[in-house]
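One chain, subunit A, links the two complexes that follow: it is found with subunit B in the first and with subunit C in the second.
Right, the complex of A and B next:
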């Protein structure tokens, strides 16, 4: 029963992360949403790996690998956001607000 | 009683996750995300996966938190504009998220429970007592070798984002710590404790909870504290020692794999007699590389003389 709680929590986290990734324009918040998705999947996977009674070592090792890779992907993403902000002065993608310039035009 | 604890933990995890996605303010979102990482680490401990709990607390909550806070600081100093806050639910995205969550929930009940492979009989050949370490460095060494190379590739990607004129400048933003302030004191107090703990985690990882990744992360954190409090000088891309430390782990790992091929085995296979010393050698080299790579990933590319707050 306990495992089901954690697996379903993981499933909801993946959905929440996907929502954030699609709906939230601020890029740092998108990186957070992306991390929530990853960590939700890990939780689901880890709970699934523990169904045999004792926690299985193979999913655990893969999850540790995944956590480290998620950090390196986030660091690269942060680097890209900072580079974008340096060039354009914005912390969001222009595609998310295509109507911005038209609105300001008389 | 324990059921109530698990249920409360799940509710807390979902609550802080929701707050970091939907709450107002980016800074608040980052803080909620750090809290989220700590709650998830507790969930891992409840699931009996202590190695994952350590990795999540150190990397997921700790280093990712520092990375995001530092990014916010950099954006603020550049006066980057935030997008206007949207209120209300973004319906298509909500539908996609809900569908994904439902599909995963359905999969949990629909899929048959697998019988996990029993590592018990092969553990004596692995050379270590911790099963997770045995999987990481012996049974599935390929994954770990490629992961160490992924880390290196990510760092190269971060460095490539620097402007040409900044290439030889010190890495990361410039930090300043008030003399006698909290940061300056912690910069002197924490590193010795952190060093001892990090080395202990690596050493203990062979037979109990811990390992190269967790230990390496603690050592990276020590480096970050020392950098931020100006106890240590910021590194530069051109430093030979730094570059050597970055490739040491993957290089030793590759050499060990190739030596196994040369002595008649498969690539990355370990003979039971030599497994323990070879794994320890790889772990020490990997820890050094992981620590340096993670710390450099977190501080980022050379900034154009920008100061941290």
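Right, the complex of A and C next:
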């Protein structure tokens, strides 16, 4: 039963992350959304991989690897956002600036 | 066996090595390791061609606990194509990436990233485990995004970030599919998945993995990140991004649809893969026709050329693939991947020479350059012949095989598409050729281009032609250990 809660929470996190990745223009928020989605997937993986209620070592090993991969991807992405913001003064991609100027971070 | 381990580990060790050695040793070390890895790739190729597929269980653990690595004909062919392109790019970058001309970012960053990309590509070609493929894909994306950002302008950073967002979304979709496959079957080994008992969630798992891989392969309509990222990178990096990176995710698609879950390949699903491919050929071609910069023309041509590869799915997949034309289409698609890799790398390296010579890649600035740099002009023309699919090039062999299968299968619209795409390619390469071979008086070049540098794209372009002239050897190599759905007839 607990596993079902874990799996459902994971699914909700994936949904929230997917929304953020698609709908939010600010690049740092998009990176956070990507991490939310990844964490949701890992949580789901841990729950769904425990076949028959017995904890399974393989998904846990894969999740650890996946966390490392997601961490290095986030680090590179943040580095690129910082470099872009230093040169252009904006943390948005050129085509999708937000409509309201209040939301625009330097 | 040892060659298989060498093509995986040598690039990674060398990537770390060039990172720590003093600056004056960096380029010699990169050149030496490129030569060694190419040697290992050749040795692996010969072993596979003579003795059949090479298997390795990492650490001595058999699947489902361990990870299987396997070099079949397809993997060996891609490894050798990658080695040829990487070798040529290394030589070109040796001339181009000196700190004085290219800036410290390119002179320092290019070598470790290039070697890292090489190791990750080889890992994806050889791996038989879906999660290991995920890690390989991520390594490729990280190296490729960093390569796209190397020129250090705001434009390049924006293009790299757009690329990164597509790549990250794609890998999460792929990972979601992998999770579902593991939850249903308790294994991620391709061989064990082939023999699985089909479960209900299989179609969703395969669909998610496929969607993720399509975003990474830049298939229409997921192509929008590709032209800016490829065009804003320095030329040797563009050559790697365009010639090699999309082939890795395409290879995983082929592994999934022909080897892991061929039973799910219904005609409707295969058509759904090929229709965006057809749209890519037409849309990429039309956009390439209207570009004003050489690198953007070449980049949009990549969007178009990637579309052809997806014709393999309706022509060779499905129904346990009992059709007699399946093998021809499968081999044709792989031939296309190989010849496109060689020719596209030649084109970007030629573009790099033009940019070094006149400081711009606008078509108007390139007028008459074929007279000043005849070898580069010849290389560009040969590469264009391959990409148009004219005989006797490798691109012609690929299109001939695909077209024969299309007629044999009674799916003639694909044959029309192949012919139409060739015409479009002739159209979009006509404009740069007219500019290059114009009889204008030239302004003097910004710098002289050594003959050795000029010969690098020429060698690649000649190789892409030779792939058609001497197609028997690569053809035989591809037959080694290919999947059952691709071994019938023709």
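The rule is simple: the second predicted complex is superposed on the first by the 96 of 106 C-alpha atoms of A that agree within 3 Å, B and C clash if a C-alpha of one lies under 4 Å from a C-alpha of the other, contacts with A are read in each partner's own complex, and residues count from 1 in each chain.
In this section, a residue touches a chain if its C-beta (ideal position, glycine included) is under 8 Å from a C-beta of that chain, and two chains touch if they have at least 3 such contacts.
In this text, all values refer to a predicted model and were calculated from it rather than measured experimentally.
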Which superposed partner A:76 touches (first subunit B, second subunit C, both, neither): both
First (subunit B), second (subunit C), both or neither touched by A:24: first
Subunit B versus subunit C as contact partner of A:64, first or second or both or neither: first
Which superposed partner A:34 touches (first subunit B, second subunit C, both, neither): second
Subunit B versus subunit C as contact partner of A:94, first or second or both or neither: second
Which superposed partner A:16 touches (first subunit B, second subunit C, both, neither): first
Contacts of A:49 with subunit B and subunit C, given as first, second, both or neither: both
Most subunit A residues touched (candidates subunit B, subunit C): B
Intersection of the subunit A residues that touch subunit B with those that touch subunit C: 14, 44, 48-49, 51, 56, 58, 62, 65, 69, 72-73, 76, 80-81, 83
Footprint of subunit B on subunit A - complex, ascending: 1-20, 22-26, 28-29, 31-33, 35-36, 39, 42-44, 46-52, 54-58, 60-65, 67-76, 78-83, 85-86, 89-92, 96-97
Contact set on subunit C toward subunit A in their complex: 64-65, 131, 134-135, 138, 141-142, 145-146, 149, 152-154, 157-158, 160-162, 164-165, 168-169, 171-172, 175-176, 179-180, 182-183, 186
Complex contacts: residues of subunit A adjacent to subunit C: 14, 21, 27, 30, 34, 37-38, 41, 44-45, 48-49, 51, 56, 58-59, 62, 65-66, 69, 72-73, 76-77, 80-81, 83-84, 87-88, 93-94
Complex interface listing, subunit B residues touching subunit A: 2-3, 6-7, 10, 13-14, 17-18, 20-22, 26, 29-30, 33, 36-37, 40, 43-44, 46-49, 51-52, 55-56, 59-60, 63-64, 67-68, 70-72, 74-75, 78-84, 86, 90, 92-94, 96-102, 104-105, 108, 111, 113-117, 119, 131-132, 134-136, 139-140, 143-144, 147, 150-151, 154-155, 157-158, 161, 211, 213, 290, 293-294, 297-298, 300-301
